[in-house]
Structure formats: C-alpha cells, structure tokens
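Shared between the two complexes below is chain A, which has chain B as its partner in the first and chain C in the second.
Then we have the complex of A and B:
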C-alpha cells in the first residue's frame, strides 16, 4: 500500500473513532442531568401516568446498554429521533437550518481568506513598511475584539446610522440579492478576527519560506519575485493557514450562535440554543452530532489537503515519521 | 492568481462606494409601505396551535388573531365584547347559553362554524391525549361539565359549579377560542405536520410559518367584521431584545417590547414612540418556609425589612415600575389597597435576626433566572442583605434549569427564589399557584395555609363580586402574615414602535390583538 493511501486510511479510521466517541458522549448527556428528562420535558402539569408513558416513549425505562445500542443503531440508520415539542423528525429540523449555518460559516471564512491572504502576503513581502505595521496593529485589534461587540458596532453603523444594510433574518422573498445583503453583516462580524489571524499567520510562515535555500536559488536564477512569492512560496507557507482554517470552519459551525442570535438568523446555533432552554435533548443531540460530523470531516479534508500542498508530507507521514 | 490590476480594484471599490451611497442596490432603503407591518416576537412558535395545548402567549396571540371566541377582549382593557356569539347569557350559576352569528366560515373550505364546533373546542380541554398527557390548559375548563348543543347555532355551557373566572380568563381568552372539529380531525393545528394548518374564522389567516424566520398573517377575505388596517402582519422572532431595539431603529421592525432599563434611551429617539402601561404581573422573592432558617417567621420578617424595594426597582428597572405590596395589582378584583407598605429598617431587621438566633447572620442562596433585570435585582438584594450579615450566593440559571429547580423533592432544598408570574384578569388565576396542592409544582415557598386555600376556593366558586373581593383580600392577608413573600413589583409593559402605528395590547402586556393594530 502506498504511503499516501496508508495515511488516508489512518485518518479515516481516526475520523470514525472520533464520531463514535462523540455519539456515545452525546448519548450520556441525558444521564448527567438531574431528574427525569421526561418530567423536565412534560413540565409541572404532567400526571405521573403521563411521565411514565413519556419515559417509555423515550426508552428511559430500558437498561442503559440497551438504550445505548438502540441510540447507536438509530444514528447509523439516520434516525436521530423526534423533536419532543413539535413531534417532527429531528433530522428534518437540523437539515432545514443547516444550510444557513453552512452559508454563514463559508461566507465568513471566504471573506477572511479574501482579505487576510493579500494582507499577509503584502506584509511578508514588505516587512517593516508602514502598511505592514498598520496591518499588524489592526490584525491584533481584530483578533482581540469580541465578535459580538463587532457585530453590534456593524449594525449601528451600517443599519441604524447609514441605513445601508438590513439587520434581521435571511430574507423573505428567496431572492439572492436580499439574501446576500442580509449575509454581509453577520459574515463580516465573524470574519474580522479571522482576517487578523490569517494575515499574521501567513506573514510569519511566508517570511520563513522566503528565507529558505530553494527560494534563494530561484532568485539567483532570475525568476521574477511575484512568481516566486505566489507560485512557489505561498503554497508551502499556506499549510499552517489551511490547518487553522480547517479548525475555523468547525469552530464557526458550532460557534456562529451569537451571530445567529444578534442577526435573528436561523441556524444550528439558534436551534441548539432554543432546544437547551426547553431541555429538548433529541434536538440538542442531533444538532451537536451534525456539528461534530462536519467538524471531523473538515479536519479530515484539511489533513488531506496537506498532501496536495506538499506531496513530501504524504511520504513522510505514511512512513510514520 | 492576482489578475486584477490596481486600477481595476480601485475602480470597483469606487463604484461600490458610489452605489452604496446612492442606496441603489439596497432595498432596505426603500420606505416600507403600510400594507404590511413587522412586529417582533421573543421566540418562534413552539408546539401545537390548539387552544387546549398551546405553549404560551406567542402561540396564543397568533391563535387569537386567526380564530374567534364567543367573546373577545377590547384593546387595552379586560372588558369584553361579543365576537362569534350573537348572544351569551349566564342563565344561572352553572348554565351559560350562547347563540352563534350565522355565516362564520372557517377558511380553507372547512365550512361554517356551528354549535358542534363550540362543543368540540371546549370539551377538548378535558380529554387525555394519545400520549397519556392531559391538556396543558385543562384547568381553565375544569368547571365544565359538558356543552349541550340545542340547535345549529345555539347551545348551553353546563358547569359543575359556579366559575366566575370563565368570563375573564377563559371565554374571551385563548381557552375560549373555537376551532373547526372537521379541520382538527383532518390533522390541522398539529406542529408535526408541515406546513402547519391553523384554521379559524378570525380576521387573519396564518399564511406562512417559516420556522425560526417569520410568521405571516394575511387578512382573511371572508372576514365580515371590521376590516383590519394591515393586509399583512409579519411576526419576526428576535431572541435578543437589544437586536430588536436596533432593528426598530433601522426600521426593519415597527413594534417591539423593550427592556424597562432601556426605555429612557429609546424615548430620546425621534421617529419612535413608547407605550408604557402598568402591568398586572408580579415579581417577588419567595422564601422556602420548610427550610431552616426560613422556617422561622422572624428570619423571614428580617429579610423583608432589610430590603429597600424602591432602591431595588430604581436600580433594576431604571425607575420605570411601581412597587407591589400584595399579590393583586391595582385595578384587579381583590386589589388590597390597604396592604402594609413596610419601610426598610436594617436595625430592626438585625434585631429580629438576633432574636431568631442568628446575631451574625447566615449564608444562603437566592435562585434566579438569567435575565439582565433579574440579575440586577439579585445583586442589589445581595448588597442590602449583606448589611444585616446575610451572605447571599446568587444561583443564576437558564429557563430550563430554573423552572425545574423548585419542582418535586428538589424544591425542598431551595432556599429562596426570585420569581415572576404573568397575571390574568381574574384573581383566581393569580391565587391558584399558592395553594397547598401546588407545593412541589409552582408553590416554591412550600407554604401550606388551609385558610388561604379555603378563601381562594370559595372566591373561585361564587358569582358574588363583593364576596369575591372580600375573600381575595382575606387570602392576601394570609400571604402577608406568612412573611414568605417579599413583593417587588407588578412590572410595567413597555413597547417601542413607529409613531404612525397604534398597537393593541392587553393590560398584562403578554397578550396582543394583532387584528386591532392600526395606524395612529
């Protein structure tokens, strides 16, 4: 088996293990909560008979291992249970809102890459310049400012004072224009700190790569500087940035909640927030499971992308070095 | 890579800036017409849209707009007027006769409203669901024996005993709404069937519900009453009150409830009006009388004397609310005008603590919900009690954990809780939570007073208004004597809206009449 295939195989096994562990942990969620979940769900008006009936429906009257086996079996079949409030399949609820969270996350990361990469490149190729120093200060400021503060300021400036951009929701008419306008502020509020991260990280790694021997050789051969930076150095310097972006997508999928609340957007964050408030555990479990799944998958793809960025890594990792 | 020249980038940026300044691509700039009004709601629809099993006021307000009851509230008051009924008469203590207006058509092709629908709707409250669960609002119709249909449009509501509260908290409210038997049996009103069908005869139709995004109500073309001002009402779920305030200022919302502490700031905004009305809700600190040291009446009295309610309200509500001195708010039947108004007296409080065997105070926990106003109350109370040596830890919980904390046996471990209950127009609604049978449910004080229970029960089963008034005052005197309740406020309802809008809100602040929203 080639080293690359061995590496891909080992990463796939790790991914499956992480998913199984996360599923078991999520299952144990209901065990750590004080009281009977059926009682919490049904509320104070419920009769003991109703609590017993609901406990049976939820399978709470079965042995622990049997419940775990049923839960895992159902997850494998794609059955994540039913929303205890509306009675709808939880998977439907999650799939309804997931595209909104994914769009927001990808827009934020895309925006961060679009602005962060040029900033990082410029700072690395013009170290010590005025723009590099200004970039350093603003990057740190973006990283340090909490996203929700940025969000409120953005709303105040662009919606309340200038009346340029809308605040609430994802748009009503299904028109792309309106949907994009409503995406700008939440995506920007999430992206700003990532712009800072990417710019600083890329600057540091690019400076390191630009000092390597093969770059000096290329310069000695008279290869244009622009070609050296963007064709040769950037690809190698991008590896740490891609690693951070992989984590970023995962974090934003679960952590876009503040943006979803402040901008009243539907999404996984608000779904989990509402579900926790009413102890709707099937919804919490399903939404978190989807986030964990996407997070793990993103990390897998990130790891695999290293092979494309630097094929030497595949050989080294496959050999266990 | 980098195929753009610097000139191209600068050109694109300049074009965007010019377009932005002109506002051309931004539809939000366009002045919204008055054909639609967008109102904030604190959360999305949750659960069923049936009168017997509704989740709360959000669903209730939507149902009230789409369905009709025999009678309905007038805007801004708890007075009622006829709605679906042509007449509604209390014949004797246990019989109410009704006659429906003919020609009230359920939308969606479910036919005309008849007395059978009235019977079905009201008797629904007494049925046990397929999951073994009683209807959530079963208590509202607990006095109902059955509804006798005497004609296509006529019938009798037959009660087991006199139930005066029916006229204020049931018939004109959500529990008095009439749904279509045929539609219900066909699967309407269920939230597990998408799109959800809410079938009624009211001024609006539930035209669209996009979960977590919006609820759209459109004027019912078959409605024969006064035509609503707005052809469309959009309800926008906004969880964060600050976001709602910002959205109002950005003109994306035309109406939103606001936090009392923010009212002053919003009032300064031009193009924004505030509606402030004293509420009938009640906020108090309840002491667990079963748990030491709160089982000692002198300790309870000391804690009360140490609290300066005015100071608490000034800090937590920015002075926008009035203090409460008893359970019933002014204006309600049973309002106790002569209730004691204790002045804060830390010295006397310390003396009482010493007499109770706690000269150096003690440590305890105050449980409260994670709302900014309640946290502010908790912190002020913490400081005031520290002056008499009582060290209070604040246990701040989210709604789910908070509402479970006083329940069952876990309620025995509760020291005290900052509580807030919504009020209704009839005092029977307010007193029902403090009877002995509610210990472990909503009576978190675990206070058991047979005299209170008896007075409440008598008052709820007589139609003699004067006698009811006397009995409810008597009941509140028992509460006062217990020292288990430190009343803080009946709250105020504050709403911000565009100056051209005239909202229609009931005095409790939670209930809205969306079909009566009009232009100023």
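Then we have the complex of A and C:
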C-alpha cells in the first residue's frame, strides 16, 4: 500500500471513529438530565401515567445499552428523533433551516477569501509598504474583535443611525436582490476576523515560499514574477490558509448563531437558540450532530486537500503514523 | 521584560493592565451598586456621576462593566488554569503510556475537538441550565486537547534526553521526574498557548452570556450587557458602545500581549497558525 493511500485510510478511520464517539457522547449527555427526561419535557403538572406513557414512547424504560444501540441505529437511518412540541421529525426541521446557515457561512468564507487573499498577496510582495503595515495592525484588531460585537455595531450604524433599512431578516418575498442585500452585513460580521487571519497567514507563508530554492530557479529561468507568485508560490503557500479555511467552516457554523440572532435570520443557530429556551432537547441534539458532522467532514476534506496542494506530503504523512 | 521590547506588546500590556485595574478597582471607586435599580434615571448618557450612563433599568453602567470585567477575567483564568493542568497531565501521560492508551487519549482529543466549543457549550447548557461553574467547566474541557497535543509532542521530543535517564538512575520517583523535570521543560510553549487562549475564552464567555446561557442575571457580564444594550438599541446606543469597547480592549490587549510573549519565548511558534 502506498504511503499516501495509508494516510487517506487512517484519516477515514479516524473520522468514522470521531463521528461515532461524538454521537455516543451526545447520547450520554441526556443521561445527565436531572430527573426523568419525560418528566422534564411534560412539565410539573404531568400525571404519573402520562410520564410513564411518554417514557415508554421515548424508550426510557429500556436498558441503557439497548437505548444507545437504538439511538445509534436511528442516527444511521437518518432518524434523529421528533420535535417535542410539533411532533415533526427533527431532521426535517434542521434540513429546512440548514441552507440559510450554509449560505451565510459560505458567503462569509467567500468574502474573507475575496478580501483576505489579495491583501495577503499584496503585503507579501510589498513587505514594509504602508498598506502592509496598516494591514498588519488592522488584521490583529479584526482577529481580536468578537463577531457578535461587530454584528451589533453594524446594526447600530446601518440600521439605527443611517436608517438604511431593511437590515434584519432574510427577505423571503423581496426577490434575489433583497436577499443578497440582507446577507451582506451578517456575512461581513462573520468574515471580518477571517479576512485578518487569511491576510496574515498568507503573507507569512508566501514570504517563506518565495525564499525557497525552486522559486530562485524559476526566477533564474526568467519566468515572469507575476507568474511565479500566482502560479508556483501561491499554490504551496495556500496550504496553511486552506487548513484555516477548513477550520473556519466549522467555527463559522457555530459562530453563525450570533449573526442569525442579531440579524433575525432563520438558521441552525436560531433553531438551537429557540429550542434551548424551551428545553426541546431532540432539536438541540440533532442540530449539534449536524454541525459536528459537517465540521468533522470539512476537517477530513481539508486534510485530504493538502495531498492535492503538495503531493510530497502524502509520503511524509503516511510514514509518520 | 521581553514583552515590553515590542511596540505592540507594550500596547497589549498597557491595555491588559488598564482593563484589570478598571475591573478590580472600579467597584471601590464608583459610588453605585452594580444591581441597584433606579428606573427614573434609565438610559442616561455619560455624565460626571454616571461615567458610562445607565442601562434600561437605571443601573450604573460603569460599575456593571467593572463587575463584568471581573467575571471575564475570572472565567478566563479559571478555564485556562483547569485546561492547562488537565491537558498537560494528559499529554505527558499519553507520551509515556503504552501505545493503546496513547491512541485512546488521542481519540479523546479528536472527539473533543470535533465539537466547535460554542456548540458543545450549547449542547450541555441546554441540558443542565446556565451557570458560571458550568461555563468554566465546559470551556475548560473543550480547551484540553489544545494543551494536551502540544504537551504530548513536547514530552515525546524531551523523553530521550540524557538528563532524564540520569535522574531516573539516581532513583527519582515517576512523580518527581514528571513534576520537577518534564513539566518545567515543556512549559514554555504551553504558557504561550495559554496566554493566547485568554482572549478566546473571554470571547466565548461573552458569547454564551450574550445568548443568555452563560452568567445568569442579574449578575453583569460583558456579553449580557451587550445583549441588554442590543435589545434596547433604539433607546440608547451607550450600553452597546461601552460593552463592545470593553470587550474590544480586553481581547485586543490580551491578543497583542500573547503574541509578544510568543515572539519573546518561542520565536519558532510564529509560523504556526
């Protein structure tokens, strides 16, 4: 077996293991509910018969391992339980709002790449320039700024002060243009720190790659500088940035909750937020499971994308484990 | 002090000291109770009496910001302390343990880092209800792998050092070997990591409190102050301005401080994301 294949194999096994363990962990968390979950869900005025009946429906009267097995089996079948309030399958609820969160997350990442990559490239090719120095300071400030603070200030500036309404909601009936307009501020609030991250990281790794021997060789052959930077160096220098972006998708799925609540958008975050308020645990469980799943899969894709960006890594990683 | 050498490190240190002084000293200087209502003077702007104005219930914002600062710093220190200790011990244990146990510990790390911290906190708080102790506990657990991986890697590279063999031959116990010799030698990068995690924890605590699942009211936290200000944004912009400013100064200060500390202690870490 080639080292690259071995690496891919071991990453796949770890991913499956992590997903199974995360599901078990999520299941075992329900065991810590003080008292009987059925009692908690039905409220203080529930009769003992109702609690017993609901416990039976939820399968709470069965042995622990059997419950775990049933839960795992159901998850594999795509059955994540039912909404306590409406009785609908929670997976439907999650899938209904997931596109909103995904759109927001991807727009934020897209915005961050669109602004961060040129900034990083410019800073690396013009080290010490005014823009480079200004960028160095502002990117740290951007990174340090929590996205919910940015979001609140964006609402304050654009909605309360400038009255450039509408800022809130997703604009279901206003057509595409309206929806895109309403997406800009939430996406920007999430993207700001990633613009800083990407610019800084890309600057550092690009400067490092540009100092390597094969770049010197390319220069000696008279390859135009522009081609060297954007064709040869950028691909190698992109590795740490891709790693951060992979992490970013997961972090943003979590962080999107703030943008969703502050800008009153539907999404996974709002779903979980509302579910927590009424202790609707199956919904929380399903949403968390979906986020963890997407996060783990993007981590896997990120790791595998290194192999495409730098094939030398395959051998090294395959032998290293 | 090495951090003082870099201009950004100096700014960071000054910000950190200012925020700490304000948070710890504020309640002694400001003549108001943090939870005392004064509805007649709600939504006041900054005056000589109320430095930062008052909130929707007429509570003095300055003293509430100071108390919120105490919470933020306290949660950050407690969380980092717990996860640093736990992560370091687990990491060292993984480096010395048989392969199977090492693998198991690494899988635990992988599983814990498969949960984005905020989501993990949401899942637990949804079950157990909000609370300061739970916030610290949850955040500490999500941070353990962070320290554990570095501690393991550092220990692995240190394990073969001749001086450790010498200590063992001299009859040192395992506990003494780890605590007196391994820990001090791997502490540098871990301390750097810890200082760089402070702004992360401050942000997470504020975020959880913003969502109403962190510090329970009426106790003030920067996150809940920002949220209260946001719900009354059309009445007064002062609460969100000051809450945002405090959060910004604290996270920026600790970030700059942490980076300067990293450059001073371990320049090699600079390339790591």
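In this text, the second predicted complex is superposed on the first by the 311 of 321 C-alpha atoms of A that agree within 3 Å, B and C clash if a C-alpha of one lies under 4 Å from a C-alpha of the other, contacts with A are read in each partner's own complex, and residues count from 1 in each chain.
Here is the rule we go by: contacts are C-beta pairs under 8 Å (C-beta built on N, C-alpha and C of every residue); 3 or more make two chains touch, one makes a residue touch a chain.
Everything quoted here is computed from the prediction, not taken from an experiment.
After superposition onto chain A, partners chain B and chain C are found to clash with each other.
When the two complexes are overlaid on their common chain A, residue A:96 makes contact with chain B while staying clear of chain C. Shared-chain residue A:16: touches no atom of chain B or chain C. In the superposition on chain A, contact is made by A:261 with both chain B and chain C.
In the superposition on chain A, A:160 contacts both chain B and chain C. In the superposition on chain A, contact is made by A:243 with chain C only, not with chain B.
Applying the stated contact rule after C-alpha superposition, one finds that A:29 touches chain C and leaves chain B untouched. In the superposed model, A:88 lies in contact with chain B only, and not with chain C.
Of the two partner chains, both chain B and chain C are touched by A:276. For chain B, the stretch among 62-70, 188-196 or 314-322 that collides with chain C in the superposed model is 314-322. Within chain A, the residues touching chain B in one complex and chain C in the other are 34, 152, 155-156, 160, 261-262, 273, 276, 279.
Residues 1-2, 20, 23, 25-29, 43-44, 46-47, 55, 131-134, 136, 138-139, 190-192, 194, 211-214, 234, 236-240, 242-243, 246-247, 249-253, 398-400, 403-404, 407-408, 410, 441-442 of chain B are the ones touching chain A in the complex. The touching residues of chain A, counted against chain B in their complex, run 34-35, 39-40, 42-47, 49-50, 52-54, 57, 82-83, 85-88, 93, 96-97, 152, 155-156, 159-160, 163-170, 172, 177-178, 181, 226, 230-231, 261-264, 266-267, 270-271, 273-274, 276-279.
Across the interface of their complex, chain A is touched by residues 8, 107, 110-111, 114-120, 122-128, 199, 203, 206-207, 210-211, 213, 223, 226, 229-230, 233-234, 237, 240-241, 244, 247-248, 251-252, 254-256, 259, 270-271, 273 of chain C. Partner chain C is touched in their complex by these residues of chain A: 14, 17-19, 21-22, 25-26, 29-30, 32-34, 137, 140-141, 143-146, 148-149, 152-153, 155-156, 160-161, 197, 201, 204-205, 208, 240, 243-244, 250-251, 253-255, 257-258, 261-262, 272-273, 275-276, 279, 281, 284-285, 288, 291-292, 295-296, 299.
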